[in-house]
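For reference, the structure is listed below as structure tokens.
Order as written gives the chain letters A, B and C; numbering starts at 1 within each chain.
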Amino acid sequence: MFKWLHPYAKPEKAYELSLSFYKWLMPLSLIGIFVGCLWGLMFAPTDYQQGDSFRIIYIHVPSAIWSMGIYMSMGIAGFCALVWQIRLMEISVLAMAPIGAIFTALALITGSLWGKPMWGTWWVWDARLTSELILLFLYLGVFALFHSFDDQRTGAKAACILAVIGMINVPIIHYSVEWWNTLHQGASITKFDKPSIAGPMLWPLLINIFSVLLFFIALTGYRFATELLRAESHRKWVINLIK
Amino acid sequence: MMYSQFFKHMLQRDFQVAATQKHEFGLPIIFFILVLVLFPLSIGPEPGLLNRLAPAVGWIALILAMLIALPRMFVEDYENGWLEQLFLSGYPGSLIVSARIISFWALYCLPLVLTSFLLVPFFSLEIKLWWVLAQTLLCGSMLMACLGSVASALLVASRKGSGVMALLVVPLLIPALIFATATMDAAGQNLPITGPMFILMALTIFALTVAPIATAQALKLNLG
Amino acid sequence: MLSAKNLTCVRNQRVLFENLSLELNAGQLMYVTGPNGAGKTTLLRSLVGLNQLQHGEITFNQQNISECGTNILFIGHKPAINEWLTAEQNLLHWLSLTQVQADSTELLYKVGLTGLTDVPVRYLSAGQKRRVALVRMWISQAKIWVLDEPFTSIDHKGVEVLTALFKRHKENGGYVIVTSHQSLPESIVDQEFKLAYRF
């Protein structure tokens, strides 16, 4: 059933495939993000409650969604790397980690920018912001662990183990933080219900969510290709390629 | 191969080694007490406030004290080569690791939980509440020993020490902290504590089943 | 028969060895030589299954090496001795790990540690510590001995005793793989395996 996948276990093939991902998806995702942002920022109607400041969701929501998604895919890739001893999967974990961390940071920054006009402070212990913050620490842990090894291969495997442990924990953390937040709600500032977002506002958001996913895949493809070249730098196909 | 006999022998060896270097075990306890002392000194000795903070302080002090102890979990046996002999001996890695987790818990965590009784005089905590706190600490420290064993095994060969350790362990521990403080809140208001307490126990049991496998993997990685 | 096929090991982006194969029959001793950094220790650790290899497989009588736990005696640079415990305690732990019945006092007498049995190992000299580790060869029931620099800090007489042990083990149909910077007497070496330093 998965026979067609087998050639891609070879580094050369995987290199070509990931670069072609980058080549095709990068322009597509950039166009998508451009259209989504333009539509969202210029043409979508103003929210009657939050005014124009709601428009930050066109950046905040996609990055927040995919920051969790990337950690999940890192965990799955790490699991495959450990169980089936697939070298390329280890590299893909390393390729994804910084992108995920940047997305998380972006979600945090845009979240607190949104919070300033809405809540009057840069930071509130809102459930979603808190679990994003913890997620950022999980990402930083993966980096810190990878860099505390001299041997890159060992470091990559260690990072995989941590990614799997983190993947198991991310839902637990997410739901426990949400529960914690409702428990202490008496003290917190009035929280907005998840607004049922109307059509003309929703479409650009969906476009952006999808394009950011493509953007992530394209970036991962590029980073994967570079990491692969570095890891295989002693192999013949890399030497031939660079010549 | 008798697994239970092997397990018992591993525990015996750990306790025997511990008996030769007793001073090692005092340090986390002293650290724990120091953290307890710092709180009244920094926020003032007002009993009502201290009383409200006591469970949180107990938990924070436990986490900090454990972070001091955790890096030692495997380092000695890794450096003297005993660990590689254990892994060559053909016994399952997760068995080796769970023996170590249990001996670590008995040697480091149990004394810390007992030391937390100091919250009663220092923070004027009611004994009844302390008893609930001690239960959450017992559970939580087991959970932390499990998570910490993975981190400790991952970092066993690197000299980076406890900075990275904190980064690896603390985020994963947050659910336990949340449910433990929820248990304490419920106990403080005379509500039934079983809900959050059971979730905490479930998390601990889950960690006990998964962590040894991950730890054994991490140790094998560092041996090779 | 112990055989290794197409072993490749890469460390820190450096190829230590590539497509390396070896075979050892019962009753043979292999002497692994090579300059510092050539990968002798890595090769030995790979042979017992401690190192994860990039490629290759190692089998003992058609069985994967990782399933032969009790058939391997590995003594590496690290002595597997707890410095805070006494020589006798260390030995007893070893006995119960390998499930061998033996008289610990007598064994320690044999390696010349009489009277030092209840002293913590950290007070012993380097050579004496080494002896505590090497006791394992007397009681070993393993077929395959993999020894990394066993002669380090062992005196002249000790070396003779060890070579006699190798001979006995060979006669019993055992396998010995040794690295050493001291030369071994040619009479007991069956195969010499040279590792070159690669850049």
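Here, a residue touches a chain if its C-beta (ideal position, glycine included) is under 8 Å from a C-beta of that chain, and two chains touch if they have at least 3 such contacts.
The chain list, named the UniProt way, goes like this: A = Heme exporter protein C; B = Heme exporter protein B; C = ABC transporter domain-containing protein.
Only a predicted model underlies this, so the values are computations on that prediction, with no experimental measurement involved.
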Of A-C and A-B, pair with higher C-beta contact tally: A-B
Chain whose Cα centroid lies nearest the overall Cα centroid: B
Far-end chain from chain A (Heme exporter protein C), centres as C-alpha averages: C
Inter-centroid spacing, chain C versus chain B (Heme exporter protein B) (mean Cα positions, whole Å): 37
Averaged-CA centre spacing for the pair chain B (Heme exporter protein B) and chain A (Heme exporter protein C), given as whole angstrom: 32
Inter-centroid spacing, chain C versus chain A (Heme exporter protein C) (mean Cα positions, whole Å): 48
Contacts with two or more other chains, residues of chain B (Heme exporter protein B) listed in rising order: 221, 224
Chain B (Heme exporter protein B) - residues contacting chain A (Heme exporter protein C), complex: 147, 150, 154-155, 157-158, 160, 163-164, 167-168, 170-172, 174-175, 178-179, 182, 185, 203, 210, 214, 217-218, 221-222, 224
Complex contact set, residues of chain B (Heme exporter protein B) against chain C: 1, 6, 9, 13, 16-17, 20-21, 76-77, 79-82, 84-91, 220-221, 223-224
Interface residues, chain A (Heme exporter protein C) side, partner chain B (Heme exporter protein B) - complex: 82, 134, 137-138, 140-141, 144-145, 148-149, 154, 157-158, 161-162, 164-166, 168-169, 172-173, 176-177, 179-180, 183
Residue ranges of chain C in contact with chain A (Heme exporter protein C) within the complex: 10-15
Chain A (Heme exporter protein C) - residues contacting chain C, complex: 150-153, 233-234
